[in-house]
Structure formats: structure tokens, C-alpha cells
Amino acid sequence: MSSDPKIEGYKFKPGYSGMAADTASDQTMFKGVHWGKAMMWIFLLSDTFIFSCFLISYMKGRGSTPEEWPNPSEVFALNAFGVPVPLLLIAIMTFVLITSSGTMALAVKYGYERNRKMCGWLILATALGGLTFVGMQVFEWSKLIHEGVRPWENPFGAAQFGSFFFMITGFHGTHVSIGVIFLFIYAYKTFAGHYDEGKRGWFTTMKGDYVEIEILGLYWHFVDLVWVFIFAFFYLW
Amino acid sequence: MHVGFIFLAVIVGSILFHIFTPWYWTDIASNWGAMDDTITLTFWVGGGVFVAVCLFMVYCVFKFSYKEGRKAEYKPEDKRLEKILTWATTLGVAALLAPGLIVWNQYINVPKNALSIDVMAWQWGWQYRLPGEDGKLGSTKVENINDNNPFGIILEDTNGRDDVLIQSDVLHLKNNKPVKILLRSVDVLHNWYVPQFRAKMDAVPGTITYYWFEPNKVGEYEVLCAEYCGVGHYAMRGRVFVKNEEDYKNWIKEQETFSDLIARQKIIEFSETKLAKK
Amino acid sequence: MSEDINENKTIQAQSSETISGGETGVAPDIDYVRPAELADQDLYHGHTFITKWVFCQDAKVIGVQYFLLATFTGIIGLILSWLMRLQLGFPGAAGFMTAEHYYQFVTMHGMIMVVYFLTALFLGGFGNYLIPLMTGARDMVFPYVNMVSFWMFFVAVGVLLASFFVPGGPTGSGWTLYPPQAILEGTPGSGMGIILMCVSLILFVAGFTMGGLNYLITILQARTRGMTLMRMPLTVWGIFTATVLAMLAFPALLVSALMMTLDKVLATSFFMPTILKAGEVLEYGGGTPILFQHLFWFFGHPEVYIVALPAFGIVSDLISVHSRKNIFGYRMMVWAIVVIGALSFFVWAHHMYVSGMHPWFGFFFATTTLIIAVPTAMKVYNWILTLWRGNIRLNTVMLWCLGFIVTFVNGGITGIFLGNVTVDVPLSDTYFVVAHFHMVMGIAPLMVIMGAVYHWFPLVAGRMLSEKLGKWHFWITFLGAYSIYFPMHYLGFIGVPRRYFEMYDSPYITSAVGMNQFISTSAFIVGAAQFILIYNIVVSLKIGKPAGKNPWQANSLEWLTPTVPPEHGNWGDKLPVVYRWPYDFSVPGAKEDFIPQTTPPSEVVETEVEKT
Amino acid sequence: MDEIKKEQTTTHKIGIYLWIWGLLFVLSFFSYMVDWYQFQGLLRWSLILIFMFLKAGLIMAFFMHLFWERYALVNVLLWPMTAIACFVGLMVAEGKYTLFSRLFYFFVEGGQ
């Protein structure tokens, strides 16, 4: 965290010389980083490549179709008080997801302060934010499907629009949904005090620790991060 | 000991095989002698390295095989040797790369006087279209392809009217005249490949790819499909005749143009409607 | 649970602190190693047959499971290759062989060998078994996830093999699965076959990701005391870098498989342009087939190194141990592995020079590709320089290594042909390519696998394999395989395209009938020779010479376990402490010709050992 | 289980999180405004990308704590992005080339 962890017999150096020393040292390369946290980071790196491949395909596909690409700001407009507001729903979804990201960040902080109640409630809030997001996505999908947008065709222009839209937001939505499920589980585990008493996991028989909240937090922020890119490339382009 | 000798035999055998092989490339019939030259260059440099490395290995096997009580040398690193080897390899690689890039530059830049030929591929066959007197090919569209318009030429495009249509897998080329092969496919990937011309490129549905060459030897050649395209891949052959100017002119005169085709169809249509009226 | 082990650990950590004595004014102890950063890993020990041998969390058992399942699929791949060679050498000899079947066999052979055999064997098999042992860990860091990884692989193989039994059979679109033909009529297995293939690949990637995270975190975060990255055996470096590549390259495969499934099932047009089929325009339109090729090779090229890098690493260790000499230029070797791995993400389109992509890409990819040749060549030099002035034991293991050097150099050099854009134009899509990649990523890694089996079998089973059978196995395999693939390059020079079911009606190809028959015959013999190994293993398990501890006098940690074969938890009560690299062979002044990694400096002060 | 031998971890002041949170809302609002005012062309693109990278950077640096992590981890995570960048760059060129060929060969205006 803010200051380097204390490790017996190891002197931390800052910056790149610290990086060289960490890399050259024995036992661990990421000093003081929990195994699970390191795993989550590497997994997210791999997941970044998945989403990058999706977005690159989308970019290539959109860039090479001679047909007109539907204008997202019209397609995703929503009528508010009788006036079509461009990207209204998307803006709200973004707002909700960022809100949930913020509550997650605070949950991690309170987790490390071993503030069980606060941590649990914040995770629950995050989960509800995620649930709202998924709900709005369901609404958005059904609205588009109602308007005739299909993965293989749509009334607005290039057929690839629907293909990429459903695939990319679907894959992102799956990530959010998985995250929501885990958030609820972790909220339960937090309130039940599994992280305070180091209760072993159901399957993995590993001892519980508040670091798990941070690990889940990384995942959740990543989902938010991906949304930033989808928002920019899919809705604003 | 026998280990070293067998490995030695493998290396010597490889060299002998190369010298006496009855299987080697076909006589080149296009301007891409430079490709053969780059292959030859790579062959000698690479082959030399292969033989040198393997011979050194065999030498080590002979010289340093296990003897009770002998101690191997203890020398974790030799910075100087490693540096020399790195630079020598880099130089060698650069020497191979440079000619490759130069020839590639020629390969993708088509000479101005090249004759564009539309090569249309489908599962599993070829047909060709040559520009008429205007020297231009008409644009095409897959959706337009039907019995009356086998090449899918866009009717509004006047460039297409005098295009010469060859609805068979036999293409004739003029000797010493560069051609730009414009490849298109209506279904899956194909590749129009004549081994004697050396050059090749995939035909990709949804876009048009190209390459060029200049045939320089009169004769008959076989076209092979060189990109896997389904069960008929191996049977997707065609023929190319490279002819001198006179023969070529005689051949092209006999071919039908798109306007001829349209006219013929009109006559047929006319007679058909007449028949129907009767 | 091993609470008692934890306590032992604490005592040990404390004692090493007292030894250090840095603050007490005594001269610093040369054997000082920092205390453990982490408490000892607690492991779940299985008690029933199911938890011990089936759903087992011990990386060593998982490694063996991976090894056996991969070998099983590999044998299926081998049989498919026999059938292909039968058709090519003696057309019509097998009555049932239609073009459809031929292409299905080609496809399944390719996919099985590359992904389900070599990748699974090197990373899942050797990775699982060796990483914890060689880095001095008790097990993988997430044993449960590791177990799930294997069973995902199991399901993936099941789905793959199921495609043989669905209507239309397995996909016959070539292992590259290029659309549009992969999902159109006219290609065998374009219905259920291709869908099952994509599903199987997605499962494999998911399963592999679980395993891969384990390998990486174990290597990065769970090494034993004194084990720095630069003291790891090259085997671990090879597997490590290959796993990194896999983690970053498989996503592209996953995405392309997913998109192709959607193209097939939902009729989206990611890769499908307007297509005319049997006079009808299909419902597709606007997609680009070349996008799939980019995605596929963004995975596909690193995949080549996923197979090659572990082989590089393992062979370095085998050569060093059996020539009783330190690996020459260890640092260079490590950097070469890392650089090759990093560069492999920038070269993918050298598989696509004649695919119709942007023509300028040829310059970029030819340059990056040939740059890779430099670190690769350095590795070759270092292998032969390791032999030089060594004391080479010409046992079976070393023979496989020598075989590897010959085949790898051969295949590497033909790689320079194909990587150099102009040279590639006449040779691509011909048998030259087939010969090249079989030599460099088929035979060469296989040589290493065989060498590794002979080398580590005594550790896994506690008994030696028969040397006599091993030598027969080697010579038949090496000479046979070389005589398959060396002449095959010349078929490519002639211009014979690959993936031809029959080829004899062209005059200049007809000349190669004799060669094809020769190649096929060699292939039958080489394939059959592999059963010598299986026989050898089965027999040696029963009557092999007991291996004892460290039969090869090696230095690396896996030979230094308290029990042979190592038990769950690997190290008994005390984790090993590492003081040196694993290559201190034939150190001048030392009593024996090897100094294990756990030997503290105080025991070898009188030698001229270099500090590592 | 690996319990890291360290003192009770110190956590960050709540203020920093609230700050970043606020900034993210503001930046999202700005990128929404890019669409609202229908900026076009280079201006639109540069604004979209700037806001996108700022938001992504803030989330990674502070919410995901990368700002406080040691360089060993940060570098391991960021360097692979060069491969992505290379892929993106080449695919932009490839997309343009495909579009160019399609317009050039399949539409009458450009007929060869």
C-alpha cells in the first residue's frame, strides 16, 4: 500500500533501482504482494488482451466496411420528456458503474482497516450498483432488439454494428454479472466474519483474509476500466 | 564413437542429397529470377551455418566424449566470444534480409504497362477477364453474378462493356508482357499459383488482391490452387499458355466481349419471346 | 493440513537469523540467506483414492495426468498422420479414404499435435511436475485451481474427440480454421464439427489460463530462500516465458473462436463477406476473412514459441548435466528466451505474406522476424559451446539432445527462408512449409520431450529406463524422422502445394512419387518406433534398475528431495535453501564434478567456484 | 496460506478516493459533452481519447492502487501493452487498406 511492506532482511529501494533489486532478489519478485492479488493482476492482463482483441476486431471491422455505420448517438438516444436525448441511458450506466467502482474502492480501504460493518455495506452497495448496471443493459438490449437490431442485421446500417454490439457488451455484461455474484458472496462472507477469523474457503481450503476484498476490487475496477474503453470506442466514435 | 560417425553420415548425406537430388525447382518462366537468387543466397548462407554447427557438434562428440577422471572446463561466460557471435549473426541476417526487402518492393509495385487480368475463383474453378481496347476492367459485384453476367460486372460501368470474358480455365498470356493479376473470389480463399512463375497471392472474398509477373518463356503451364479451399482443393487446376505476340492476338480475337455476350443474350431472349408468342 | 510443518518452518527461519549475526559485530556469515518472507504453504493432503489420484491437488500428480492425457491424444494424432501418409504415398491403398476424410485427418492431426499434445505436454505436464520442484516450492500456489485446470483440459479433449462422432464428422478446414471455408458447405465438418472445435478450444484456453496463472505465480512469488530468478534452471525459464506467451496469446484464439462460432450459429458476418455459393448469394456480407487470420496468427506465432521455449530450456539443462559442464553463457540464454518471447508478439503476419493483407506489412514483419533469428542463433551457439570441452556422456538423454540440435538448426534455418518475405513467396503453401514446421516445432521439441522422459523418469518412477531400448528408440526415431522431413523440403522446391489429397497428374510432381512412398514408409516406421518407449516405460516400471537419489549427479533441486520419488509437499520438514545456480559442474578444486544448489559456500571455499 | 510478515497495513486517507471519484464523474461528463455538442473530426477524436486515457489512468493508478505499487509490478503489467499498441496500429492500416480496395474495385466511381 502507501508505504512498502516491511520484510525482514530486505531493504526496499525506490523506483527503477528498486525494480531491479526486487527482480534480482530471491523468493518473490513482487515484494509483499499476496499470491491471490498477483494472480488477479496477471489474469486481468490476460483479460485485457481478450477485450483488446474484441475492440481491435471491432475497429478493423468497422474501418473496412463501405456501408454506413449507424450513428450511435442516434441509435442509443432515449426519449426523456418527449425529447430524444443522445446516449442518455449510456450516460446513466456509466454513472452507476463509476459509483460502484468508488464504493468498491472504499470497501477495500475499510477492509484493510478491519472495519467489518462498513466494508460489508460498501460491498453490498457495489453489488447493487452492478445489478442496476446489468438491469439497464438488459433494458438497452431489449429496446434495440425491439427496434429490429439483431446480431446479423439491423435497420440502421452496416450489419456488423449489431454483431459487435451484442458480442462486446455481452462479454462485458457477463463479466459484470460474474462480478455481482462474487460481490454478494463476499458481502456475506464479510458480514459473517470469515475474513476476521481466517475461515477457510469452501473449495480451496485457503484461509480468509481481507486481501480478498482487494482482489475482488481489482476485478471490479477492471470491469469499470473496460467500460471506459467501450464507452469511448463504441458509443462516442 | 559410432554416434559421431552416424551424425557425420547424416550431415554428409544431406549435402550429397542436395547435390544429386533429381527434385529441384522447375525452370523459371517469369521475371522473378530475383526470388530464385534470394533462395539460393539464403540456401548457401543457411546451409553453411547448418553444416558448420553440426560439424562442430560432431567434433565435440568425437573429442570430448566421456572419459573417467577427465574434468570438463569450468567457464560460465565468455563475453568476448558471445559478442563476436552476436554481431556476426546480426550481420549475416541483415545480409539476407536486405535483398529480400528490395525484391519485395519490386513485387508490390506493379509496372505501369502491366496488363490487368481479373482472375475469378470459386469452389472449384477459375475464369478470367481481360480489359478490352480501353485497357480498363469494369467494376464487379458478387451480387450481380448470374448466368447472364457470369463475372458480376456492374452494368452501369462503361469500362466493362468491352472486357474480354474467358469462361474457361485456360488463360493465354503474351510473352514478355507484364501482367497484373487481380484476384477475387466469390466464396472462400483460393490462390492462383503457377510454380514456374514463382509468384502467388491469395484470392480473398470481399476484397481484391494483386500481384504481378512477366512471363518470359513460351509454353504451357499448370495453375494450382495453393490455398486450402475445401474438398475440391487438390483438383482445382487450370492451364496457362504463354504465347508470342502473333498467336496471342489470334487467340484474343476469338474471345467474346461483355457486349457480345449481352447482344447474344438479347438475341436469345428475343427468339425466346417470339417462340413463346407463337 | 500441516500445522506441524508450519512450526518447523518458523524455527528454521529463526535459526538462520541468528546465524546471520550481522549486528553482533562478528564477520558476516558467507552462508547467510534472508529469512523466509512467507509462512509455509499449507496443503490439502488427499486421503482417499479419489482425492489422491483422480481429483488430486498435488502438482506432480496433475503433471503426470496431463502427461498421460496429452500422450493419449498425441497417439491419436500419430494414427491420423499414418492414415494421411498412407494416402499420400500409396493413393487408394485405404479404401475408405475420401478427400473429406483426408482433410479431416489433416486438420485434427494438426490441431491435436500443436495444442492438445505439445502445449499440454510441455506446460501442463513438465510445467506442473517440475516448476514446484525446481523452484523449491511445496506445490503450486493454488492447488485447487490447478486441479480444475486439468479437468477442464480433460473436458476439452472430450469435446474434441466427440467431434469424430457427430454428423458430418470433425472439421476439415485445416488446423488454421480459416473462414469462410471453415463454416461453409464444401468443407467437411462445417456443421457440428467446427462448432465443437471452437468450443473445445475455448474450454482449453479457459483451463489453461487456470494452470498458467499457477505456473507464473509459483515462479514469481513462491520460490524458496536463495532462489533468485537468475538461479533458476533454464527449464523453468523456458516454461515461464512460454506461459507468459500463452496467457497473452490465447486470448486472441479465444476471441477468434468465439467470433467464428457466432458467424456459424447466429450468421453474424465478422469474417464473412458477400458470398456466392451454388448460384445463391448467402445471407452474409461485409466481413473480412483476413481479420481472422490476423487474430489467429497473433495467437499462432507465440504458440510456436509456447512449444519451442520449454524445449529450449529443457534441452539446455539436459545438455549441461550430461556433458558435465556449466551451460555456456547462462545470462545470454535467459535473455535470449525473454527476447524471443517478447518479439514473438510482433512477427505474427509472417504467416500471411501471400494472404492479401496490406502489402507494406511485408517489410515490417520480415524485419522483425529476422531479428528473432539472432537470439535464436545465440542459443544454438551456446548449446554447442556447452558441449565443447565438456565431458560428454553419450547416453540416451544426450543422444536426444544431439538429435534436437541437428533437427532444430535445420528447421531454424528453413525458418529464415520463410521469414524473409521474398523467399517466402514461392515457398509458402508448399511442402517446404510442412517440412519446415514439422522439423522445427514437431521433431525438435519431440526430441526434447523424449530426452526429458529418459532424464526425469528415474525421478518420477524411482527406476531407470532401459538404455538399450532407449538407443534403439532414438536411432530409429531420429534417422527416420530426418529422412521424412529433409527430402520433403525438395517437394516444396518443386512447388507441390500442401493439403493436396492427390497430386500425381501434374508432370513435374509425378517425379516425386518415389519420394512420397519413401517418406510414407519412414513415417510408418518412426510412428511404430514410439511404441518402444511405451514398452520401455511399462517394463521399467516393474523391473527397471532402481534409480536411487540423483542418478545423473545433477545440481538442480528436483533431485535433492528427501524421498525419491518426491512426496506431496516435496521437501519433508524443511524447505531447501539455495546458494548457487544449478550449473556448477566440474568446478576446479571440488571433490566431485558437481555442486548441488543447496551446498552452502562454506563447504566449497577451497574451490574456484564463481559467485552466482 | 501466505501471510505476509508485515506491520498492520496502513491505508490511504478517504479524501484521495473521494477526489478520484469526483474526477471520474467530471471526466465522464466531459466525454458525454463531446457527443452532446457533436464535435467532429480530429477534435472529437482527441477529446475522446484524452478523456478515456485520463479516466483509465485514474482508475488504474488510484482505485487499483497501481500508483502505490512497486515498479516491478507496474512494469510487468504495462509493457505487454506495446504488443496491443502494435496490433492496433497495424489493424488501423489494414482496415484502411481493405476499405480502399473495396471502394476502388467494387464501386463504379473508382473503376479500374
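Note that the chains are named A, B, C and D in the order they appear, and that numbering of residues resets to 1 at the start of each chain.
The rule is simple: contacts are C-beta pairs under 8 Å (C-beta built on N, C-alpha and C of every residue); 3 or more make two chains touch, one makes a residue touch a chain.
Source: prediction; values computed, not measured.
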Graph distance between chain A and chain D, where chains that touch are linked: 1
Between chain D and chain C, distance of the C-alpha-averaged centres to the nearest whole Å: 35
Length of the line joining the C-alpha centres of chain B and chain C, rounded to whole Å: 33
Chain centre separation (chain A, chain B; CA means) in Å: 48
Centre distance in Å when chain B and chain D are each reduced to the mean of their C-alpha atoms: 42
Residues of chain D touching at least two other chains: 1-5, 80, 87, 91, 94, 98, 102, 106-107
Junction residues of chain A, two or more chains touched: 7-8, 23, 29-33, 35, 38, 45, 49, 52, 60-61, 64-65
Residues of chain B engaged with two or more neighbouring chains: 206-207, 209
Every chain pair in contact, whichever chains are involved: A-C, A-D, B-C, B-D, C-D
Chain C partner contacts - residues on chain B that touch it in the complex: 3, 6-7, 10-11, 14, 17, 21-26, 32, 34-36, 38-39, 42-43, 46-47, 49-50, 53-54, 56-57, 60-61, 64-67, 70-78, 81-82, 85-86, 89-90, 93-94, 96-97, 99-101, 103-105, 107-108, 122-123, 142-143, 145-146, 183, 186-189, 191, 193, 195-196, 198-207, 209, 222, 224-235, 237
Interfacial residue positions of chain B with respect to chain D in the complex: 116, 136-141, 154, 156-157, 159-160, 182, 184, 206-209
Parts of chain C lying in touch with chain B, wherever the complex brings them together: 99-100, 103, 172-174, 178, 180-181, 184, 186-188, 273-277, 279, 281, 286-290, 323-326, 328-332, 354-356, 359-360, 362-363, 366-367, 370-371, 373-374, 377-378, 380-381, 384-385, 387-394, 399, 402, 405-406, 409-410, 413-414, 416-417, 420-423, 425-430, 475, 479, 482, 486-487, 490-491, 493-495, 497-503, 505-506, 508, 511-512, 515, 583, 585-588, 593, 608, 610, 612
Touch list for chain C against partner chain A, complex: 1, 17, 20, 33-38, 44, 141-142, 144-145, 209, 212-213, 216-217, 220-231, 247-252, 254-256, 258-259, 262, 266-270, 283, 285-288, 291, 294-295, 298, 578
Chain D to chain B touching residues, read off their complex: 98, 101-102, 104-108, 110-112
